[in-house]
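Going in written order, the chains are labelled A, B, C and D, and every chain counts its residues from 1.
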């Protein structure tokens, strides 16, 4: 595959380079901003969550922080990817949005097998498996829906009334679904006995070669040129 | 049973006693605006202005008419503000008044954007919503709202909803003798609101058209978006609990480590 | 008012003319709304502007300001031609049947007896014809050419609808609708009420405007009946009381004339001889006058010294002491000191620029008010240089109405007590305290003086408690009056005597505070017959009568003309008048007894006066305002011939070539009088925050003026910068074949207050009515131009 | 408790969604908003009459231990039966507004500002000026008729005075010999 990211796929003492520096930075910027927005937003979601606002020095501070952090959330990750990891981003998005029959099989079986710690014979995954494709689609999708609906809610006078009123449900749907995906994502990367090794990918950029071979065989073959 | 206001705009002379009585009862501050070429010197509701008398000049075939109509919260039976308030700060009192508990209100503005009548206003320094509360502390103690008590011509009446509706229907016949296009407003709107006899089209009074209901976006938001979203998050949590059970409590059988179909090549 | 506010609910048709009742007397519409809802009453509003009253009226008739007499004259002709008058009423209760001196006449705008030099009438030729025994000659068939009825017909024959509409500018169809609707109340079982205010009185023909309403109401048989009468909606909470207490140069409390330095008033005997009529209740005037003098100078007033009659100051003949004359004197420097008790002429006075300038000549000014008004700070008004103004000014802070006790009288003559809710704010004091302590300081300065003029002050009967706080109850008792011998409060003015054994500060209030207590404090809400008279609530003068001339509510046999319009009726069994009101008639005088039809007990004639001599004639005649956009087409006399014209500085006359539009001043619901009591209150300031001129869309288009832009309104006296409020509600009127525009100006703005603005009265002229000298605020000429 | 369709969906959603919050030990019942207590409860109501136009409407001034709480129409008064127009409804601010002058103020001739003075000083000074002007412009007799008139002092006002005040002012003014005695009824 022509002009892939420079050092993606390099193998060294049992590890293979999976993510670029820019990609990692983008991930963690996105993570920090989203979680902050989630918590500050959550403080007004239901009557009982006001205490969360107090973590930020009161609900009105939370309100300001939500708006301030929304800007880096909306822009920084995107900028970092475009600047530092354009190639992998393109690949990532291409893979995320190509869905074949096997992807659906993968998702269904994965939940009841791998996710539960059981072995399941699943179709071969490319750069990311279909679960991660759902996560990617949601992340990119909600980045836009949250930003746009948030902006509309922030300046209601400048938008038609129907649009402002539609922004509220869109905002809620977006963050609720993103959060439910996030829970699974965080569980896998932090708690799941078998999967949490992947976290190193997002910290150092390298993952175990074995792990890569077994979890992302198509990607492994493509980027290392060796057999899975 | 719920009480409501019945406003017969054909009796209103825009003396604005209601505007001042409302400020008097609610201890609201004055709010002077630039000259706008009209006796109605304020455009609409504001954090310190819960009620306002609309004054519109209309030229008709049989001559000029100066049309007055008092606007305030509609105290809807299906109240969009109540539905969207994330902190349950907006409640309905036993007598039917929609009022805000200022300790609970966080000034998020959901009600401001979703009220079909544009009534609630949020104060940007106190971060509190304020609007007409039908003098809830008065009506819960058997008194009438300040505006209805002070109205010299009896254009603003207050009482049980059926009585007010009956009064409106009886009055409508008389009013139509002078104003053929008069209609009752507020019987169907938003599940039943403050009742009006309007002598002209609702738009002249700054009211949305007959039949206005809670905005569909609000229903979509509250009945579909939030529940579905909550369910999604709930499902994830459930999933994680189950996964934790399987991964940690009931240890998986020793595996060869191969996860991929067909094992390791 | 001949009736009162609640009685409006009994009317079948309300003609609101020269008043903007819905804005300036909003509570009147509580009862008009009830009349409309319960009785199907019609409301008619006649006004140069379409106002909030017009918005509620069934019929709105525009008219050029200053043409009320033409308008009403047309209705009088309409009533006579269509025989809509209430014949039995007119024959029995009015002087329509009276015969007039054959020499009486009217030609080209002037009645007989006019002297152009003195601009006064010799009224001998207007007198009634009398029989040998002094009784009035009457022709009950009303056919005699010299009877008032025929004179009336001849006089108003010139007021046909076309002529009237040419003068007033009212569209003919609208005029006829008004005529048809209101004149229907001539039917015996119907009553119509006329509600008027300053729009009627503030003209050079103000008195005759009111006379024309009284005349019309007598023809239609509406006066003295529930839902009828001629009802002045007065502007201030106690202007009725302050007028009754005679804070006016021409009267003493109880409407007794104030003495003039002429032979007629030289001594008490001369005064009583010349002031007491031969018949009618005023024959008791000596009792009222002596009791008043005893209330003023108490023990010092004895039979020997004419009860201190000489202590009363006598006016210099020919001098005008009214407001306009007063300020002309201040302008000339004759007056050195001035008291202002809650009055603000720099905003409320006519030709306010001249009046403010005049005040600079004062040596000292005492202003008693709740607010730092424009008059109290005239010396630092815009354009004034304080260094040049030598007036010493004392501002005394006054307490508000609910920070003190006392009674006030509303338009309906209800005298109601007000209790004290709060201590006065800061160091402010009730006016009673100020007057009491100021008098004591002045009296101390004159103590022991032997100079006779100082005795006037020290002899004053001032027995209101000795401390700093005057005892208001004692003042109220004195107003009512008591018997010096028994010390008891008098039950009614019929108990007053002229031998000095009784006193009464105001005979028409005698009965307010009998021995059993101050009736103004009554709060009993029983309303017998549901007519709204509430005889047990507070007390109304005279003698608690709620509808005066209510004898007219019964036909000549003493039975009500209509069941639902009953006030009093004759009860043969009891041998007295009974009903839902205190009879304004001899309680036991039977209808069939002699004088049983004399329903107007105060009048010497005993009947209502269709024909009644005033300075400018016995019948209202249309004359143009001093500044008119057109000519008088009814006669060659443009200005009311009996009016005093002040050719003095700062009072120039404008003509229609330089000032083509008719200016008229008015108030709005949210502001009151000169604005001190409303423009200093945030909740009212925010409702009407800016001074504006109200002009029609057609005039604005003609002058290229946009709504909300600043404009200059100018008259021959001055000019002011205001916002333009362009409205559909004011349209040009077709007057004598020419388009005439009108410009509305609220007069409640001044330079001091939370909201301020230009003063409309900088434009109004120093000229007044022929009888009362009330200034012509309502019709003058202005021009307008846009401000770049 | 009658649960409307809306509440059921809302509760079911929250129930499921709130599992992750449940363990945090917070109950999610709707918090009951409290109705503000009645402002004029335990107030003293003093009847007065509106100081503005001449309708004579009844007003109740509500106070609590001498402090102003509010003002409303007097429901027992037959003319207005509790109703009031814009001016009547604002009566309370006549006491509350800081625009009220609360101290006697004196302006010396030619000065450009007010100075605060005591009541005594003011009344004494006014009495002296009155005596001065009265003595200077008093006319005792004119062509044989006793007139006792003071030409140099004019008294204007006031239609807003009580009857007792208006009567006493008339008596006071006539005793000073004032014939320039006028007030708002004239204009």
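Here is the rule we use: contacts are C-beta pairs under 8 Å (C-beta built on N, C-alpha and C of every residue); 3 or more make two chains touch, one makes a residue touch a chain.
What you are looking at is a predicted structure, and each value in this text was computed from that prediction instead of being measured.
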{"item": "Per-chain CA centroid nearest to the all-protein CA mean", "value": "D"}
{"item": "B-D against C-D, pair bridged by the larger set of C-beta contacts", "value": "C-D"}
{"item": "Averaged-CA centre spacing for the pair chain D and chain B, given as whole angstrom", "value": "35"}
{"item": "Chain C and chain D: spacing of chain centres that average the CA atoms, whole Å", "value": "26"}
{"item": "Distance between chain centroids, defined by C-alpha means - chain A, chain B (Å)", "value": "40"}
{"item": "Intercentroid distance (Cα basis), chain C paired with chain A, Å", "value": "85"}
{"item": "Multi-chain contact residues (two or more partners), chain D", "value": "14, 17-18, 20, 30-31, 71, 80, 83, 85-87, 89-90"}
{"item": "Sequence positions of chain B contacting 2 or more other chains", "value": "15-17, 19-20, 24, 87-88, 104, 152, 154, 226, 228-230, 232-233, 235, 237"}
{"item": "Of all residues in chain C, the ones touching two or more other chains", "value": "26-27, 30, 669-670, 682-684, 687, 754"}
{"item": "Partner chain A, residues of chain B touching it in the complex", "value": "84, 86-88, 104, 106-110, 112-114, 127, 215, 217-218, 220-221, 224-226, 228-230, 232-233, 235-237, 239-240, 242-244, 246-248, 252, 255, 257-262, 264-265"}
{"item": "Interfacial residue positions of chain B with respect to chain D in the complex", "value": "15-17, 19-21, 24-25, 83, 87-91, 93, 99-101, 104, 136-138, 140-141, 143, 146, 149-152, 154, 222-223, 226-235, 237-238"}
{"item": "Touch list for chain D against partner chain C, complex", "value": "46-59, 61, 63, 66, 68, 71, 76, 78-81, 83, 85-87, 89-91, 93-95, 97, 99-112, 114, 119, 122-131, 133-134, 136-138, 140, 142-187"}
{"item": "Residues on chain C engaged by chain B in the complex (per definition of touch)", "value": "22-23, 26-27, 29-30, 33-34, 37, 50, 52-56, 58, 60, 668-670, 682-690, 692, 707-708, 723-729, 754-755"}
{"item": "Chain B-facing residues of chain A, complex", "value": "44-47, 50, 53, 59-60, 63, 111, 114-124, 153, 156, 161-162, 164-166, 168-170, 172-173, 175-177, 179-181, 183-184, 187, 191-194, 213-215, 217, 227-228"}
